[in-house]
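Chain lettering (A, B, C, D and E) follows the sequence in which the chains are written, and residue indices restart at 1 in each chain.
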Amino acid sequence: MVRPGKTRSGKVGLPPGSLVHIGEKTAEKTKISLIHYNEQTLQRMDIQQISACASFLQETGISWISFEGIPEIPVLEELGLKFGLHPLTLEDILNTDQRPKMEDYGDYLYIVLKMFYFDNPGKVDIKSEQISIILGANFVISFQEQAGSIFQPIRERLDNARGRLRRSGPDYLTHALIDAIVDHYFLILENSGERIELLEQALIKSPSAGMLDTLQGLKKEMILLRKSLWPLREMISTMERSESPLISKSSVVYFKDIYDHTIHIIDTLETFRDMLSGMMDIYLSSISNRMNEVMKVLTVIATLFMPLTFIAGIYGMNFKYMPELEWRWGYAMVWGILLTIAGLMVLYFRRKNWW
Amino acid sequence: MVRPGKTRSGKVGLPPGSLVHIGEKTAEKTKISLIHYNEQTLQRMDIQQISACASFLQETGISWISFEGIPEIPVLEELGLKFGLHPLTLEDILNTDQRPKMEDYGDYLYIVLKMFYFDNPGKVDIKSEQISIILGANFVISFQEQAGSIFQPIRERLDNARGRLRRSGPDYLTHALIDAIVDHYFLILENSGERIELLEQALIKSPSAGMLDTLQGLKKEMILLRKSLWPLREMISTMERSESPLISKSSVVYFKDIYDHTIHIIDTLETFRDMLSGMMDIYLSSISNRMNEVMKVLTVIATLFMPLTFIAGIYGMNFKYMPELEWRWGYAMVWGILLTIAGLMVLYFRRKNWW
Amino acid sequence: MVRPGKTRSGKVGLPPGSLVHIGEKTAEKTKISLIHYNEQTLQRMDIQQISACASFLQETGISWISFEGIPEIPVLEELGLKFGLHPLTLEDILNTDQRPKMEDYGDYLYIVLKMFYFDNPGKVDIKSEQISIILGANFVISFQEQAGSIFQPIRERLDNARGRLRRSGPDYLTHALIDAIVDHYFLILENSGERIELLEQALIKSPSAGMLDTLQGLKKEMILLRKSLWPLREMISTMERSESPLISKSSVVYFKDIYDHTIHIIDTLETFRDMLSGMMDIYLSSISNRMNEVMKVLTVIATLFMPLTFIAGIYGMNFKYMPELEWRWGYAMVWGILLTIAGLMVLYFRRKNWW
Amino acid sequence: MVRPGKTRSGKVGLPPGSLVHIGEKTAEKTKISLIHYNEQTLQRMDIQQISACASFLQETGISWISFEGIPEIPVLEELGLKFGLHPLTLEDILNTDQRPKMEDYGDYLYIVLKMFYFDNPGKVDIKSEQISIILGANFVISFQEQAGSIFQPIRERLDNARGRLRRSGPDYLTHALIDAIVDHYFLILENSGERIELLEQALIKSPSAGMLDTLQGLKKEMILLRKSLWPLREMISTMERSESPLISKSSVVYFKDIYDHTIHIIDTLETFRDMLSGMMDIYLSSISNRMNEVMKVLTVIATLFMPLTFIAGIYGMNFKYMPELEWRWGYAMVWGILLTIAGLMVLYFRRKNWW
Amino acid sequence: MVRPGKTRSGKVGLPPGSLVHIGEKTAEKTKISLIHYNEQTLQRMDIQQISACASFLQETGISWISFEGIPEIPVLEELGLKFGLHPLTLEDILNTDQRPKMEDYGDYLYIVLKMFYFDNPGKVDIKSEQISIILGANFVISFQEQAGSIFQPIRERLDNARGRLRRSGPDYLTHALIDAIVDHYFLILENSGERIELLEQALIKSPSAGMLDTLQGLKKEMILLRKSLWPLREMISTMERSESPLISKSSVVYFKDIYDHTIHIIDTLETFRDMLSGMMDIYLSSISNRMNEVMKVLTVIATLFMPLTFIAGIYGMNFKYMPELEWRWGYAMVWGILLTIAGLMVLYFRRKNWW
């Protein structure tokens, strides 16, 4: 996730449109399913051959073909042929190291964006997956990198014959898909927000070196989310202001709604970044403060005992003629001196607030 | 307040326009009141049924329906039906985690913004509340999260039959509502400004670790205000330049006035941010300075007493043949040496400005 | 000056256009004077009643009414009535906490800006004052917060019947007023520049904690000037590109000239900011350097005397059987050892450049 | 690479269009080769005389003349004459210290950009080379600073008579050349990304002063790549939106594709910069942390042994009348006191977490 | 150079167009020379009276009048009269504290920019001079602050009757003058670049406090160059896109060329700034590292000798009953203990990498 473009090197020198899968391969077989629906009917089926899909295009209604897993290259080539997709589109679908973008190819719009999710609700490890969506006149094709339940709620909403999804065109379905992905960003940020708050409380209570790692981890998380969010915002803004006939007037308000969500997410992210950099300041000044505290202890002890040890040293000398040594109350006097000096030192430290 | 989007997770996967209340629930019942007025008459009433409002729409004059507390979902749905509100509007009213914005739905404008206030004048704890305003051809609907007196002065101004409010349209009423909210930002910033000044004086006098927390608290306050202010500015600018027939030419100058206020508030906020970051510098360098002071004390003491203790140690040795020990004035001589060394050290520290 | 909007709280909840004086009240009475001039004649008079001014508006020639001190509210209301000023303009004149701006009300332009000056040439305390200017078809009205000599040179230039001021319209007079104010910024910045240079030289010679306060004071000064300068630039740019008939073609080149000055001032200000932040770096690293120096002294002394004291301690032990103590040259030998160790230490410190 | 403009000084004062080679001279002879192709045929030849190329311009098909090594000035002058190149273009080809740019001279486009590559795959030393491309109606001229294999894959693709390169115009060939160069940036960034990750892991494990040098080296690398990338982005954006008839409609989508790559590269670069600055923070706070640790050890030892040494010193005094010295259990008692003090100290340090 | 606007204070209050010389006065007399040329002939002469120039304006050909030194005010006034210059232009020529700009007065363009040069090639002290250029229909007037050889190469190129300068109009001559000035920026930056590199190498080898001053000096140099460069870029961009008939179509490509140079210079400058701020980081962390090293030495020595000295102190006590003192091998045993402790300490420091 950190090393963007990592596996691109395999493609250097190839012509554009060369179909090479860039990204991690998954062992699972790609699952292709189709939902064909209109206001009256809805059909679901698992697809083995692309040609099976194509026949539905002739009928009225909307076809939603969804790939869970990146398709094999021959499958993709056939798909390209049947649905009239540009070679660059096919190349981009295979390349899972894309920047979110929307491209208008006239007959269809090609949309690519990143979904972030937690592998396991308890874990803090954020995973990302690339989602490609093709919006045609009467079809939508979606590509996920891995099988996943993200679009399940939409499939369920389609069952509702009176729902807006059934009554609207493929642009509204596309909106629903993007909306589901954008909603996941809220989940991620809520989780980050909670961890930031916990860290902040811990930092204020007692900072430790381990917290710096957590802090840096959160910072890096924000950097990576940010890298996806700004182009996402741009992409949705392009869609909203698009003049493509594939996006109907009535859908624009819904894309505007997603746009607002994206801005809101970005605002939150930037707020988090500001907060994290404030926490870095807290951490750094806490190190300095603790150093100060340590130094004060050292200074107090050294300043207290050095003069005392010196005086004891004086009367440890072996001169033959040291009158004090002979005095009856010499020893008591020295203790008097030592305690006086110690007392004055303590007063001095008190006044300096070092004690 | 820190965790934006916190409670949004409940909505992930739902279709847009789903009415789910996002935000803290308050136990109180929502209070609905209506003021119907024109230049001649003014009527006030508490509303139980939305249908009661709707009848006023037929009459000449302006209806201002104000909700104190987020309405129950069935009430909102009925309102939507009677006043022709888009499902997304209804959804946004319920979601109290909105970014300030203005949306033109043709028949009405939907405005959402944040109000900041102090719960208790003496407390420094800033609370925020979301205010939604719907501006129609002859009605204004306002939604507050909680019962509050913020719009009370406007209600009183409406009583004045010769006031501009009574003579103007619903756009001027909307302006008055927004103006009241924006004015509250001045109150907040005045308070922040006073606290910043107090902190600065305290920091210059004698910095302490506790001040860092205050500083970070103020910084965070600024981050959060900023998050509301920039979209607020944008929203008011959109209204001012709006070509909607719902905003009359003569009102534009008033929206421009609010716009100026917003810019002024933002300028002040940014100035505060600059000042706070300068104060952080003061704090950090004061830590370093104090460390320096502590180190100097330690160094002076150590440098002074180490050589002296060494000399005392020399004459504490038990060698059989140490001629000095036998000397008549050996002890006095040692004191002479010790005092000379101490004197030279003090001179050296004086010259270095360490004493 | 630090707490913008401080006294605005008194206005929260009032309708726009409410005339409330915001800012410090001055005890002095407001002085109103009028100069009516055209190419042939020039009349000066002190005004008691606004009605006295109004009569001049009928005659050919230009009337310049200048208020030194904020007018009383009834006076302002009468002025508003006679000159057809919008309530918002009157409100803004009274509110001396304005952001520089220019507003085109059709019949007149309302200009508000900040003047900075030193109360006393020797003092470094910068004062600010708000200047409002109203530019009408054949009149100019200027408002100063306090009596002051800033426009005196312009009054003198008006005496010169062949000067450009007498031959030009009220737009050129307005230009002259703004130009006088902008020129004062150069004075302020020259003074700041000198203080920055002195501080820099002092910092490089020997940094002290007091310099940090001076540095922060200069930084704050820059923050406050900046807050006025950017909107000033914007305002003058608006005037220069204004399509108002009140600004004649031939005056545009003069406004462009002021615009250049403003940019020049801002450039200088930003340069100062960069220099101040560089000086902060010098200050901070000088603290670190001095700490290093102190630590080196401590380390050298401790490292030198600790082993020596230890050796003296060894021969201070009272064991019965310590052969060295009995040796004839034992004492001399110990001195030999001590001096050798000290010599080696000094060599080591020399090589490390710590001595 | 660090000192841009280094060798420009030789040109100061010369008129524009003066042909002076700026940059490092290479000893090798410049190799000129020509490929003339259309859909049916393809001819390759090594060129000695520019006139040999010119004859191909009359024939149908596309001529690609590639210079490996900067041409001698007379050769370049002849080329300029035959192909109608502007003197400024010729000057720019010779000056290998150019900022990436595209210039439309009407009859041809002049494109200049930087290629980055590793001299030796194992080495981390990034080299840069300037590539100039001239795109004419039926010819492309490319200039490399040194012989290199970067365009080899394109030559091979040209052999494929059914490839898109053979079927398209010179604009597509230009696209292919630029694409090959941009693809190299991915290689560079992948390598940098790996080194950044390694450094980060090393830093988190145990930071050392040497890592700071590596960190600064990587930062500098990013600064230099950035300096080429932003103008590159701008250049490709200019080409994509160019209205020159030399770039056909169907090629625009391919330039858009490169544009996306460039944005992607820049995003990655900026992410790396953010990560590097986060690593600097880790490094700096690790220094502070280690200092703290060292200081704690010192303080613990000093605080522990100073009081103990003082007590031993007390009973090392030689007073005649020190009752404790005579006690039977005096020595044991002192050991008791010493051990008690030491124990209490250890407890204190434990509680402070310093042990 | 640091205090912009320094001497402007003399002008505060004067009307615009007042001719007051702002800047350092030079004692030398202003030298005025004229070159009148067309494709066939070229005349050079030294001018005493402005009227002498004016006569050439009637003839065909181009007159280049160059002032070396700021002209006396009466001379300038006469020039203004003869050549129809606006009073603001004359004022700007005298004011040598201008921001680079280009102004279109219809009949002529007024260009002002800054030239930077070294007084003495070996010195690092950068001097700046203001150059004003007036481009008329058939004349160019240039003003230098001091006599200097910067335009000498252009005078020599004019001698060449077949050169482009002789064949082109006054716009091309203006281009040549600006080009000569911009080329000097490359010289300055090359020199800065070399000094930055030397400093960087020195910093990496062994940082010293003196280097901080050099670093700050370079930073300040960059701040000052930057202050001239950004408006220069803007000015040349204005010229390039100017629609003034005084700049011919064919010259635009040459101004575009200078524009590219300016961008290139700015890029280099920004790169230098980034590098300098990276070097500041190196410097600061090197101070911290050295502090760490010093502290380690202190800690090692203190930790080693304090326990040893304590043990020696124990056996220096004078208790009557200390069995160890009587032992035959007591002394040897103590040495054993001391060496064991020292050995263990050394092992501990080794493991901590402090030795």
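One rule holds in what follows: contacts are C-beta pairs under 8 Å (C-beta built on N, C-alpha and C of every residue); 3 or more make two chains touch, one makes a residue touch a chain.
Predicted, not measured: the structure shown is a model, and the values here were computed from it.
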{"item": "Rounded Å distance, chain B centre to chain C centre (Cα mean)", "value": "26"}
{"item": "Separation of mean Cα positions, chain D and chain B [Å, integer]", "value": "42"}
{"item": "Multi-chain contact residues (two or more partners), chain B", "value": "284, 288, 291, 295, 298, 302, 306, 309, 313, 316-318, 322"}
{"item": "Chain contact graph, described as a line, ring, star, complete graph or other shape", "value": "ring"}
{"item": "Order around the closed ring of chains, commencing at chain D, then chain E", "value": "D, E, C, B, A"}
{"item": "Interfacial residue positions of chain E with respect to chain C in the complex", "value": "2-6, 8-9, 11-17, 86, 88, 97-99, 101, 103, 105, 209, 212-213, 216, 219-220, 223-224, 227, 231, 280, 283-284, 287-288, 290-291, 294-295, 297-298, 301-302, 304-306, 308-309, 312-313, 315-318, 322, 324-331, 334"}
{"item": "Chain B-touching residues of chain A, taken from the complex the two chains share", "value": "153, 157, 163-165, 175-176, 179-180, 183-184, 186-187, 189-190, 193-194, 197, 204, 253-254, 256-257, 260, 263-265, 267-268, 271, 274-275, 278, 281-282, 284-285, 288-289, 291-292, 295-296, 298-299, 302-303, 306-307, 309-310, 313-314, 316-322, 354"}
